[in-house]
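Below you'll find the structure I mean.
When the chains are written out, they are named A, B, C and D in that same order, and each has its own residue count from 1.
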Amino acid sequence: MRPPQQSALRPDHASLVVHGRDQPGIVAVVTSVLARHGANIVALDQHSDDPEGGAFFQRTVFHLPDYTALRPALEQDLAAALTGGFNLQWRFTDLSVPRRVAIFASRADHCLLDLIWRQRRGQLPATISMVVSNHPDLAQDVRGFGIPFFHVPTEDKAAAEAEHLRLLDGNVDLVVLARYMQILSSPFLEAVGVPVINIHHSFLPAFVGAEPYRKAKERGVKIIGATAHYVTENLDEGPIIEQDVVRVSHRDTAQDLARRGADVERQVLARAVLWHCQDRVVRHDRQTIVF
Amino acid sequence: MRPPQQSALRPDHASLVVHGRDQPGIVAVVTSVLARHGANIVALDQHSDDPEGGAFFQRTVFHLPDYTALRPALEQDLAAALTGGFNLQWRFTDLSVPRRVAIFASRADHCLLDLIWRQRRGQLPATISMVVSNHPDLAQDVRGFGIPFFHVPTEDKAAAEAEHLRLLDGNVDLVVLARYMQILSSPFLEAVGVPVINIHHSFLPAFVGAEPYRKAKERGVKIIGATAHYVTENLDEGPIIEQDVVRVSHRDTAQDLARRGADVERQVLARAVLWHCQDRVVRHDRQTIVF
Amino acid sequence: MRPPQQSALRPDHASLVVHGRDQPGIVAVVTSVLARHGANIVALDQHSDDPEGGAFFQRTVFHLPDYTALRPALEQDLAAALTGGFNLQWRFTDLSVPRRVAIFASRADHCLLDLIWRQRRGQLPATISMVVSNHPDLAQDVRGFGIPFFHVPTEDKAAAEAEHLRLLDGNVDLVVLARYMQILSSPFLEAVGVPVINIHHSFLPAFVGAEPYRKAKERGVKIIGATAHYVTENLDEGPIIEQDVVRVSHRDTAQDLARRGADVERQVLARAVLWHCQDRVVRHDRQTIVF
Amino acid sequence: MRPPQQSALRPDHASLVVHGRDQPGIVAVVTSVLARHGANIVALDQHSDDPEGGAFFQRTVFHLPDYTALRPALEQDLAAALTGGFNLQWRFTDLSVPRRVAIFASRADHCLLDLIWRQRRGQLPATISMVVSNHPDLAQDVRGFGIPFFHVPTEDKAAAEAEHLRLLDGNVDLVVLARYMQILSSPFLEAVGVPVINIHHSFLPAFVGAEPYRKAKERGVKIIGATAHYVTENLDEGPIIEQDVVRVSHRDTAQDLARRGADVERQVLARAVLWHCQDRVVRHDRQTIVF
């Protein structure tokens, strides 16, 4: 197998995401701590939805040789600096280490293969640890890339989800539903312990229920799209990470719409997974901040 | 006032729109009639949603010197040719004659001024016969362009709609709702006798009810858009003529979203009105064919 | 290997493309011939760049059971009908038969894999007959799909092109350069006898020569794109089939630009190849008409 | 005249743009100075093109009641903090004060009127101080908005530019060329002392010289666009602020291309002027950073 043509991993780089209640001085405190430890900031984005006590978000990417060894002292120093008046949460992410990703798929392969290709090309800072499917169809394709494939039938949903949790436990940092046509239960979402990203088609206006492309065709929509979002208990209602659209016309058959929709879906999902793995996405209530 | 810089009118050109039940030979019959009368086809688009007895649509633009005089013979000949086995409707539209348009607006001026300015530049094959508003705010702007402005308060809705019908009767070929913030009654829509085009904002996914931009902001949508459609009894559910979108992010305030949404609205409405005036839009059930 | 999920082939369908000097009556003659033979028109597009003796283009897709057997009579009848005053060329294409495609690639796999995957999904009315490369890197990937892979080094360009011609001769209907980083000689282009489609990156404004993404980065471009075109003797100057773009910003590194550019390239090339295989593209001088 | 519907001005807000050679600690120093003076950061964007001594850019928007009175102390404090090892430039911009803008136009009104409408609607943090034109055509339109209009013929270019400088001197913060069809001389650009923004059409690929839309039509381009940039001595080669595109097809006449191009031009120019007036654009060599 060819070596990756490029690598999305960034040696000696890490990101620090801080969020909480806005108040003057946060940026100064955080950047001062980083400067004291010799970290050089290579990217800093900040967002506040209301400077008078609204929500505050900051993502800082910094370069710090020997980051792994220095991290404990850095964390300790930051914790000390942010005690007292500040009401903040923070997390460090080592950008030299790949995220471990499980992909769930059913029969459609467009989103799955797109992610695998990108990972193999070195475009995703991620390892694809396993593919899980309720159908056996894609086994050969996936294993051809050297990726473990687990066929978990879902006729007995409780048993299937128990098996899912056994497979995932301790092994992954992210679950991606790449056109996985099964609804995950609330207990599963609570137990899985890592974020879950889903992709679904979207229309202007929305079409609820089965056969959305047929309904869109009947209504004569001129734009179809896709939405990638974090999965929450309310199906298809979680915080949106990325969306995109494509123009269509009456000349497009329902089959054309499905094909063009699939093209948008895989692009949107790939961007959402990339940004999540780069730790660029901060969840806040029902929305996301994507830096 | 400067003369128009260009003209969207096309002397000696006309369009013929035919639609009905598909069957072999329609295109041959129609184009043969046109050829016999010396008409040269400059554009021909045809669409069939199912060649086995589905719906058939054809728009032909042709050049025919002295069209006005020749039209009765052409119509008679076409009627004769399409009797018998065919189950079709057709209409001729003289593209050298401007459509007469009434614009309804409330307080927001972005869609209204955009249409007026395009018409004045000669980009719309239309005359703006009047502007009707439930507020007096825009009177001076509109009259500055030499266009009649009628302020019709809507506190008494029945009286207002009666006044609307008096103003429109026999005077216009199209009504455009350019951010007119009033719902038209079913009796009005039946009585008005000409098509009515509306513009409204659209989101992925949809947000129903008041303050859609605030709700879109809360959900963190990444795409906002607008939809232009024919008005039917079901508000915002009529056949879609045109849609478009723009990307937004968490950096956009609700005010930014409204501004960017307004930019999309006026572009989408302008295209829909242009295409309608060029007779490029065929309505069919709940959809449109836009040639 | 899974069976294709859908098929782009259309049994009992064919297309007829007519082009030449415009004059009244062409559409009527052509559609009458089709109607006489029982063909039902399912799509008809027509374009004229000047009705007074300009260039005329028409593409008709029709449904005709037992087309293969009826084709000779249809062709004879059309030839008879178009003698005399008309100055036209025409071609029939059987849409139930896949185009035979050779793909040329070098080391980058994004365009190549995207085409293979679409073909396997049944989205392209095409067979991928072979992949030819000046590097051996992609052999395993390509052969894993059951497609012949030929490694033809290009150190001796004349010898390489002779080998290319031997491989292609009689075997393919189309050559696609999927990021093939070699210039084809004029004698090769004359000898190959089938259309050649290329993809290259495009910018607003253009950047000539090596390292375009670095130059685009230095200039701070906000849009990058890709252009698919037929190859002519003037490199990158042939008739454009399709183009598309994506927004970028100063936050994108040169590596990000290359990744996003690759995403656009594969989408644009896939559309161009699809439309060519569907016989929707008519070449005319330095441009194309894409119906 | 109606009052603005919204205001782009932000009372008690200012921006601070810092740029220079990157090195650790800049963000900490700057944000600490702001924090000491009680300023609350509402937006902070930072960009570095190479953390090892590359170029560094930071834009901070802060809320500080009574900013005007506190500004001298703030500036003094910042200057003191940034002496020594740092090699930086900075500027404060009071976001509660409108930029004073002169618009240069010729005969085409689309970009000019779009800017005037947006300003009147309260969407631009700007005052349009004057419109200057080499033709008298637009005088009545402009004066109807209460904006001074100066007709300066350019037959004698040196005299015209001297007159331009007299009109602009001390009166404006920005010059916008809204389809002004005259080339500005290098001495003028040196003397004018404020930034100059231009808009021009752009294509994939580029078409140099006169009649670009005709040439684009001949080449069959599928995408047309517009580029807004700062004017430098090399015409149309200055740092790009914003670009956008629209899809076109063979169905679009050269007139259609011009109309659609005009739609893109006015949107792109409006965004570029807005962002400049919001002090979001930092120039660096031949590119811009747009925060």
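The definition used in the following text is that contacts are C-beta pairs under 8 Å (C-beta built on N, C-alpha and C of every residue); 3 or more make two chains touch, one makes a residue touch a chain.
None of these values were measured; they are calculated from a predicted model.
Trainee: When you check each chain against chain B and chain C, which touch both of them?
Mentor: A chain counts here if it touches both chain B and chain C, which gives A, D.
Trainee: Looking only at C-beta pairs that count as contacts, which pair of chains has more of them, C-D or B-D?
Mentor: If we tally the contacting C-beta pairs, C-D comes out ahead.
Trainee: Please name the chain that ends up farthest from chain D once chain centres are defined by their CA atoms averaged.
Mentor: Computed centres place C farthest from chain D.
Trainee: Pick same or different for copies chain A and chain D, depending on whether their interface residues overlap by over half.
Mentor: same
Trainee: Just curious, how far off is chain D from chain C if you go by their C-alpha centres, in Å?
Mentor: Computed value for the inter-centroid distance: 42 Å.
Trainee: Nearest whole angstrom, what separates the Cα centre of chain B from the Cα centre of chain D?
Mentor: 36
Trainee: Please output the residue numbers of chain C that touch at least 2 other chains, ranges allowed.
Mentor: Residues 43, 47, 251 of chain C each touch two or more of the other chains.
Trainee: Examine which chains touch each other and state the graph shape they make (line, ring, star, complete, other).
Mentor: Topology of the interface graph: complete, with all chain pairs in contact.
Trainee: Going by the contact rule at the top, pick out the chain A residues touching chain D in the complex.
Mentor: 22-28, 31-32, 34-35, 38-48, 51-52, 58, 63, 247
Trainee: Per the contact definition, I'd like the list of chain D residues that touch chain C in the complex.
Mentor: It comes out as residues 47, 202-206, 217-223, 225, 227, 236, 239-240, 242-245, 249-251, 285-290.
Trainee: Along chain B, where are the residues that touch chain D in the complex?
Mentor: 1-2, 5-6, 43, 107-110, 113, 117, 121, 123, 137-138, 140-141, 144, 251, 255, 259, 263, 267
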